[in-house]
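Two complexes come next, and they have one chain in common, chain A, joined by chain B in the first and chain C in the second.
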Partner chain A sequence: MRKFFPVEDLARDERFNQITMDDRMADQRTAITTDSRPSRAANRIVPSRGDASDAARGLMHGIFVGEIQALEGAGRTCWDFTTGEEAPFELKLDMARQCWDEARHVEISIKLSDWMGSEIGEYAENTVLFQAACSNDPVLRLAGVNRALEGLAIDVFTTMKEFGEVAGDQYLEFAEDWMLADEVTHVKMGSDWLRKITENDPERRKKALDFQSVVDKLFSYGGTRSESQESPIGLARRFRELAGFDDQEIDVIADLSLAALEERKAAVLEAQAAHN
Partner chain B sequence: MTVEVTPTTFTYVYFDSAYIARIAQRLIGLFHLENHNIRIDVNETTPLAKMHIEFGDPIVINIQSGAFEDFSRPRQQSEPATTQSLGRILLKVRDRLSPEFANAPAYEDLTLVQVAIWETYCVARLSRHDIDINRQRWLYNFRNRHGFNDASDRAFEKIWSSNDLTWEQLQNISDTAIALVQ
Partner chain C sequence: MADAKKPRAPFAPWDRRELPGLFSVEESARRVGAYKWCELKLFEALGGWIATVPELDVKMRLGAHCYKHAWHAELWHKRLPELREMNPDRLSVAPNEDMVSFIAALTEPEAPELTIEKLVGVYRVFIPHFISAYTFHLNNTSDITDAPTMRSLRFILQDEFEDWRDGEMLIQSLIETPAEVDRAAAHQARLEKILLAAGGITGSGTIGFNTLKHEGALA
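Up next is the complex of A and B:
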């Protein structure tokens, strides 16, 4: 079986349309407003938002395709590296367990999408998640996928769980809560293995953490996730702590996300000035 | 009757103003709004999908680009989305012009619950004009505003199967559903 599978070759049927981060960055439109009044600037996905159910449906589809790619990424890590020499057997066992979880999450996401009135492929699939899982170093994959990607999943699931709780949608609330518990475990696996494997290799650890920072910045693109109410997705500090992030690490992500939001707002102002 | 679409050329999205106008003309005929001049202003700087109406001559419909977009192909126009969005807003225009909706609150005074009942009433009627509507999407939207319970679902069914409701009747169905679970 082929090793190191390129993102372009991921198997999808005709319902799916894949886009890259470049495609997303080429879209100059933004939901972020330069109006600083709290009632106008808030973008957080909460039931009190006018387009709440459509925004939640879009995010749910994003979760669905993210789960497929997380499954594919963890599966590749089980196969792409030789057992013992390149990746310990126990690490592969953790990745296999993660595959089991992600497959279940895919099924849960399909059922939740049905429940919310979405169709498979209704929204574009951004393949950036799987791209983070294409590194030829398993430690970088753990940093990029388990810590950055699954860290974002913690933020997303927390936002959706709270949405369900406030709206009174118990199916959404409980399903997101169960998936959130798995994601916390996945992030913890990444944090534990990263520390263990790079215990005597500070250079490799630094490289992995740098890679995680790059992936975190990509996922924060446009201010999608931050502690500001202007971002659709919040930063779930408590669950990140449970997953093994220390306060300093969470502060770094918070600052990075806020910087991405401010960067986007500046770009919006610039584009509006050019348009007018 | 005239139908104008602005801008005529799009820069942020790959939309076609003539195509939008053709879809609008078909719907205007379907809803017997031929006696009115209509201008459709598309705000292409945001991917959101809000719409609102300004009554005058012409009647101006402000629409954000997400309302016409194919979400699986960002920035591309979707014929079904354009039809559904224009259909919803044009039915609201027709409602607003009728005496049965004389007591409907002004756009800016509508609550989220009132927006949900009116949207449901619009898409239900659209579905009977052979326009493809995802009923579950609108049921979910309705439940988000009325609660996830049987009373809410019964109210949705009542609105979904109705054709000649007044604003007061719509409001009453909604109020009853909410009161039953309080």
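Up next is the complex of A and C:
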């Protein structure tokens, strides 16, 4: 088995349809909306939204495939690096623990998807999460996956938990809350290891934080996640604090996300004008 | 209420634990170091394979089992300093070069159509050998002096039996043709021969045969 596994070789059965971030960005439907009205004042996934059921199902499927890739990414970190030389033994133990957690999340996501009325493969699988787990530096993986992407997972699970709460869906609320607990643990793992390994290596730490910022921005594409009600997913400040983010770090992500939302709105207006 | 001053036997009549054991402190540490190395190699392989198997149920089981073996490695890592090995890395090594070759052969399959080979290597070869090695240790060490190792062995054996059953059921569910039976058997035989040369998880004498008398052991 090779060290460092390319994203295009991720093994899937025939139900899955994989796309890359490039595919997504090249898709005209994501840039041009047929809705000629200005952006809705509130896009947050709430039961009162007209398309709430489908939006929630789509998000749930996104969580499902994200959990698979997180499982694969943590597993690869166990394998790709030589114990002791390239990655500490204890870090690998944490990654193995994360494998188990992510495997349970896949199970939970499948049960929840079924509960919500969707099927495996009903939506496309964006493989960008695993791409963030392909760095040849374990610290960059921790920054990109554990801090950026698992941080996003905290936001997503908080939003879905609130959705379940408002909709009176205790099944959904219960499961999301359990997954949220695990994600806080994973983000904290990333924060702790990042600080520990780069304690005496400021350059490596900067590189890792820069990489995290790139991933954060990538996942803020379209303003999908921000503190604005115009974003489908909110920013879960409290749980991020529990996971080891300080106020300044959360503010940076909040600003980045809002900027991405504004960029997105401008791009949609421009595309609509060109289309008309 | 019994008389608080009345002397009682230090070992109750039902407590049949014995003091003698087959392993000295050094031999126990050597075995524990080999256990750690093998569990480490196993959890690394299971983690690496997750991305390579297309079967969703197998993918998830590998993720769960990866952690269990990491936890076993951690238990052994923590046991080593208690056995006077203050530098656990010194004993966290393969028992011999044949075991290194075994791990190389075990982790060779990568292609998505080789799930049977991946699972056979783990669940029909490696884990049964873990069960043998751990059972031998449990049944031959001192019930009293080596009780902490025995406690870990019992926890770990429970995992090994459960994982072996999980893995065997996955293999049986994946094998659908006589040709696949042959594939599984051929791969198992190939790996078993390498492990035979290695002498098992801890090298020669893993389960007693060819065991040398170790200094300080009480048989």
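We adopt the following convention: the second predicted complex is superposed on the first by the 263 of 276 C-alpha atoms of A that agree within 3 Å, B and C clash if a C-alpha of one lies under 4 Å from a C-alpha of the other, contacts with A are read in each partner's own complex, and residues count from 1 in each chain.
The working rule: contacts are C-beta pairs under 8 Å (C-beta built on N, C-alpha and C of every residue); 3 or more make two chains touch, one makes a residue touch a chain.
Note that the structure is a prediction, hence the values are computed from the model and not measured.
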item: Simultaneous placement of chain C and chain B on chain A, clash or fit; value: fit
item: Three-chain overlay, vertex chain A: chain B-chain C angle, C-alpha, nearest 10 degrees; value: 120
item: Partner chain in contact with A:53 - chain B first, chain C second, else both or neither; value: first
item: Partner chain(s) touched by A:11 [first = chain B, second = chain C, both, neither]; value: second
item: A:116 touches, of chain B and chain C: first, second, both or neither?; value: first
item: Contacts of A:22 with chain B and chain C, given as first, second, both or neither; value: neither
item: First, second, both or neither for A:167, with chain B first and chain C second; value: first
item: Partner chain in contact with A:85 - chain B first, chain C second, else both or neither; value: neither
item: Superposed arrangement (fit on chain A Cα atoms) - minimum chain B/chain C Cα distance in Å; value: 18
item: Touching residues on chain B, where the partner in the complex is chain A; value: 11-13, 44-50, 65, 71-75, 112, 115, 134-141, 143-144, 147-148
item: Chain A-facing residues of chain C, complex; value: 40, 43-56, 59-64, 66-71, 73-74, 77, 89, 107-110, 112
item: Interface residues, chain A side, partner chain B - complex; value: 16-17, 19, 23-24, 27-31, 47-48, 50-54, 57-58, 114-119, 121-124, 167-170, 271-272, 275
item: Chain A residues touching chain C - in the complex, by the definition given at the top; value: 1-2, 5, 9-13, 68, 71-72, 74-80, 83-84, 89, 92-93, 95-97, 99-100, 102-104, 106-107, 120, 130
